[in-house]
Amino acid sequence: MSGTGATRVWRKSGEATTRVHLGHGLSVGGGDFVVVAGPCAIESAEQLEKTSGAVKQAGAHALRGGAFKPRTSPYSFQGMGEPGLKLLAEQGSKLRLPVVSEILDAAQLPLMLDYVDVLQIGARNMQNFTLLRAVAKAGRPVLLKRGFGATLDEWLLAAEYLLDGGNDDVILCERGVRTFDTTLRNTLDLAGMAWVKEKSRLPVLVDPSHSTGVQSLVTPMALAAAAAGADGLLVEVHVNPAEALCDGRQALTPALFGGLMSALQGVLGATGRKLAHAEPLHAVGGTR
Amino acid sequence: MSGTGATRVWRKSGEATTRVHLGHGLSVGGGDFVVVAGPCAIESAEQLEKTSGAVKQAGAHALRGGAFKPRTSPYSFQGMGEPGLKLLAEQGSKLRLPVVSEILDAAQLPLMLDYVDVLQIGARNMQNFTLLRAVAKAGRPVLLKRGFGATLDEWLLAAEYLLDGGNDDVILCERGVRTFDTTLRNTLDLAGMAWVKEKSRLPVLVDPSHSTGVQSLVTPMALAAAAAGADGLLVEVHVNPAEALCDGRQALTPALFGGLMSALQGVLGATGRKLAHAEPLHAVGGTR
Amino acid sequence: MSGTGATRVWRKSGEATTRVHLGHGLSVGGGDFVVVAGPCAIESAEQLEKTSGAVKQAGAHALRGGAFKPRTSPYSFQGMGEPGLKLLAEQGSKLRLPVVSEILDAAQLPLMLDYVDVLQIGARNMQNFTLLRAVAKAGRPVLLKRGFGATLDEWLLAAEYLLDGGNDDVILCERGVRTFDTTLRNTLDLAGMAWVKEKSRLPVLVDPSHSTGVQSLVTPMALAAAAAGADGLLVEVHVNPAEALCDGRQALTPALFGGLMSALQGVLGATGRKLAHAEPLHAVGGTR
Amino acid sequence: MSGTGATRVWRKSGEATTRVHLGHGLSVGGGDFVVVAGPCAIESAEQLEKTSGAVKQAGAHALRGGAFKPRTSPYSFQGMGEPGLKLLAEQGSKLRLPVVSEILDAAQLPLMLDYVDVLQIGARNMQNFTLLRAVAKAGRPVLLKRGFGATLDEWLLAAEYLLDGGNDDVILCERGVRTFDTTLRNTLDLAGMAWVKEKSRLPVLVDPSHSTGVQSLVTPMALAAAAAGADGLLVEVHVNPAEALCDGRQALTPALFGGLMSALQGVLGATGRKLAHAEPLHAVGGTR
């Protein structure tokens, strides 16, 4: 990448991973493992409230939920829009969890800034350079997903747009790439994630849900990501996957998510790491 | 695609290809072959004027040129912006050629509508659904390039966003996909183009320049596209490829472009087709 | 490829394409376009005889037919074996057409040499180096298909095994590569073919049947291959595609094949080339 | 796969993973994790002896080493042949480790059976059906690597050739697939491995060396494989990677391999598993 002149994404010799503060005392990149969980799409107050409570109780560190969904077909459910964002912000505030949601267009920026702690840029927009430049100036942490057709260099150069634009709070997220094998939704590139961890100073999350598209593979891939050195996860959880309006086939139930959180502790411990601190549910006024 | 409910992109039994009018009397999809040519990026008044005159003289039907360039690195040349658009519009007007240029963001729409006849949506933005929806309402023909990581169905569903949004003047453009083989820039998918021609009523152009990235392969692939039934081409021409600020390695010189136009006549004739009518240069006040 | 020391596959400056003689006066690589046609698999005396007569009548230059079929599943039809080869040789002799058939293993070499004029090495065996070395010593022309997961360099280095082993009579055949898009069977890489034509002195055929897997795309891709400079085609024809034991979905009927041969004449003529000379059917004792 | 009639590779409801006995009391598939280690290629008595002793001391369960190397170029080192096999068998016998080596062709079978405990079928030969059929009848365990261009279904159908041919002692090995991203050698498909573990009763190893091609990524990917449920590893170790004749860039030093074995214990323990029992070096007459 010397030919392109990229300079800001690289890890200098001995340099620590950049620590990105998300709010509510949570940071990513400081060594402890962070789990961002929630539904693919915010569907209703009830669905979000139940799912949020469940992931909080299981120990999740941040809450995710899409209000604007980039759908392949114009006739698929496109998300709740601002009312969804409002519900998400309420749950984040109530449960003291930073919230993450996807921004699709620079024009949505003022709206998004009213509700979310972390701006997610999705795989389809990884090279939407206008969006990258606008978000760079927003002064809010960014979660930059890898495009499913993007090389590792292109992903890092997309991050360079954010860093060059003045925003150093960038978290990368590997979510699988497209290959000739379509048995699974995408091919999760954990070695690519490990390579980026080695070369770049930016923290990297792994999304085992979108990458595989299969519920039963989410936990094995989440544990593999932890063992391979990822800084955390982005996981889909739904109180009732069978009725999800979006990607239900890959969502964990709250029970499965609880099992994952327990298993993560073991694998992280074996490699000298631990889950980030999570305030218990009762401390924020919740009950079992 | 029945599962997704797409209905507008398909070719009904016996239905003719949709004819899209670009301005200056030119249409795509009516059977005659259309060649859109020009530089990858507009670099200066002189570069554009010389290139435009040369492609007009050789028989090009429309003029292309990028003013806003989506570049992988933030440190690469990003295009001239509005001054470039103005130069392009001037050449189009002077030479009576419709002009095509890429729009990167919905916010650029008012500006673009002031200058261009056809709005190009680039490969990286094929699934920028906000942009698709905005462009759908602009009442201007759209050239929708295939994403380099997009399946044929996803490409057609992106077009469906435009059709569903009220814009029927959609031209598709195949420009190569990514594969494990990186000898050439991308892998031109001519069979995919032929499949789309069979299934969809929309006209399809082929871009032999970006897909191969190699000057010497542009003419063979352009002739192959004509033989395989494409509705036209999108070709890069530069008066001095060695000094191009963007993608010079793949640009044709005016002389090579002239040779291509002659060769096209033969191949089209052999398959019962012909080049679209092009007003000669002297008719618009130009000279040899 | 200098790092690998390959020297024999390259086209030296000004060097002509290597002319490979197949028998019955036919050669590939001398400029004229050669069409090798026949069924995917030899199924019976009647099927082969009818198909052979039909392709000969339409002007095919050589006859193809598989007797040993490399099938993904052990439970699919695996070919007729030696009785099939015998039928093929009889038709070749009767119609004065060189015959091409696939060899799967070095141990089959003595058997194959009794019956076939050209040894085909299939896509799955392109890097079966033991087979390449054995075939190199057999003194018989070889048709080397590109592996569906092989880069252009790897394909040329597989040919280098043949050339280095003492066999200069090598014909390459592009048959599509695997990509993330599985709408069609594979993605035909015509630009890769054109690149190989430029860099290597070996003649290159194109297989529009296996690459697309769709009957209606065979003719457009065959014409595209001719326009792009291929030395010829490998095409599947079956007297009754609906009843074919192997790959019937992509086979041309004799009538469609006749139409293709006519159309090829036009496209080749437009680029200053022509079909290789084919002795008419009546000259070999056949009748209409 | 019901369409293909495959029946033998699947895991029936509640069925345990098939346990494959390799010799010297070692089995794969019984739950404990097995590590097969050694050099990519056997280069000399000294290199093999030092490497074998080192991997044995670190706790490896079986020894790997190639005597016949399938190389992309005919001019690359092709392996020591039979003298190499003899050295391997001697080390296996001395250290009481089953030995694994690659067979390239059915004709090599009698020779291979004299020296090796497990016949490896390499990625390039995964669909060499003649070889699969011959090996099926040999009555010796088989390690079947996934082709770098093979889908999961095709890999399982290749195994079905072995099972259908009468050999039930089949171990699968995931070693990465080809994608558009060539930063690393291949893209390790751990989710594909986990999917195969779920669907098939056959044990699956992971090769973190060939898949990544980068020494520093071998340990993270090995730990990820263990966390994701693989039955074991195939790892390259070389006493002096810088001087390796083949793939030195990806080989672990003995010291790094020792570190990997320690780390594996932790990760396996965290998921309720453990390394298979390995007789200590001194028990076989070796010294520290």
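A few notes on this one:
Just so it is clear, A, B, C and D label the chains in written order, and each chain counts residues from 1 on its own.
Heads up, the rule we're going with is that a contact is a pair of C-beta atoms (placed from the backbone, for glycine too) under 8 Å apart; a residue touches a chain by one contact, two chains touch by 3 or more.
Computed from a predicted model, the values in this text were never measured in an experiment.
Chain centres here are C-alpha means, and the one lying farthest from chain C is A.
Between A-D and A-B, more contacting C-beta pairs join the chains of A-D. Averaged C-alpha coordinates give centres for chain A and chain C that are 50 Å from one another. Computed centre separation for the pair chain A/chain B is 36 angstrom, with centres defined by C-alpha atoms. Counting only residues that touch two or more partner chains, chain B has 149, 153, 178-180, 182.
Taken in their complex, chain D has these residues touching chain C: 4-6, 70-76, 104-108, 124-125, 127-131, 147-150, 153-154, 157, 160-161, 164-165, 178. On chain D, the positions that touch chain B within their shared complex are 149, 178-180, 182. Listing the residues of chain C that touch chain B in their complex gives 149, 151-153, 177-184, 187-192, 194-195, 198, 208, 211-212, 214, 216-217, 220-221, 223-229, 263, 266-267, 269-271.
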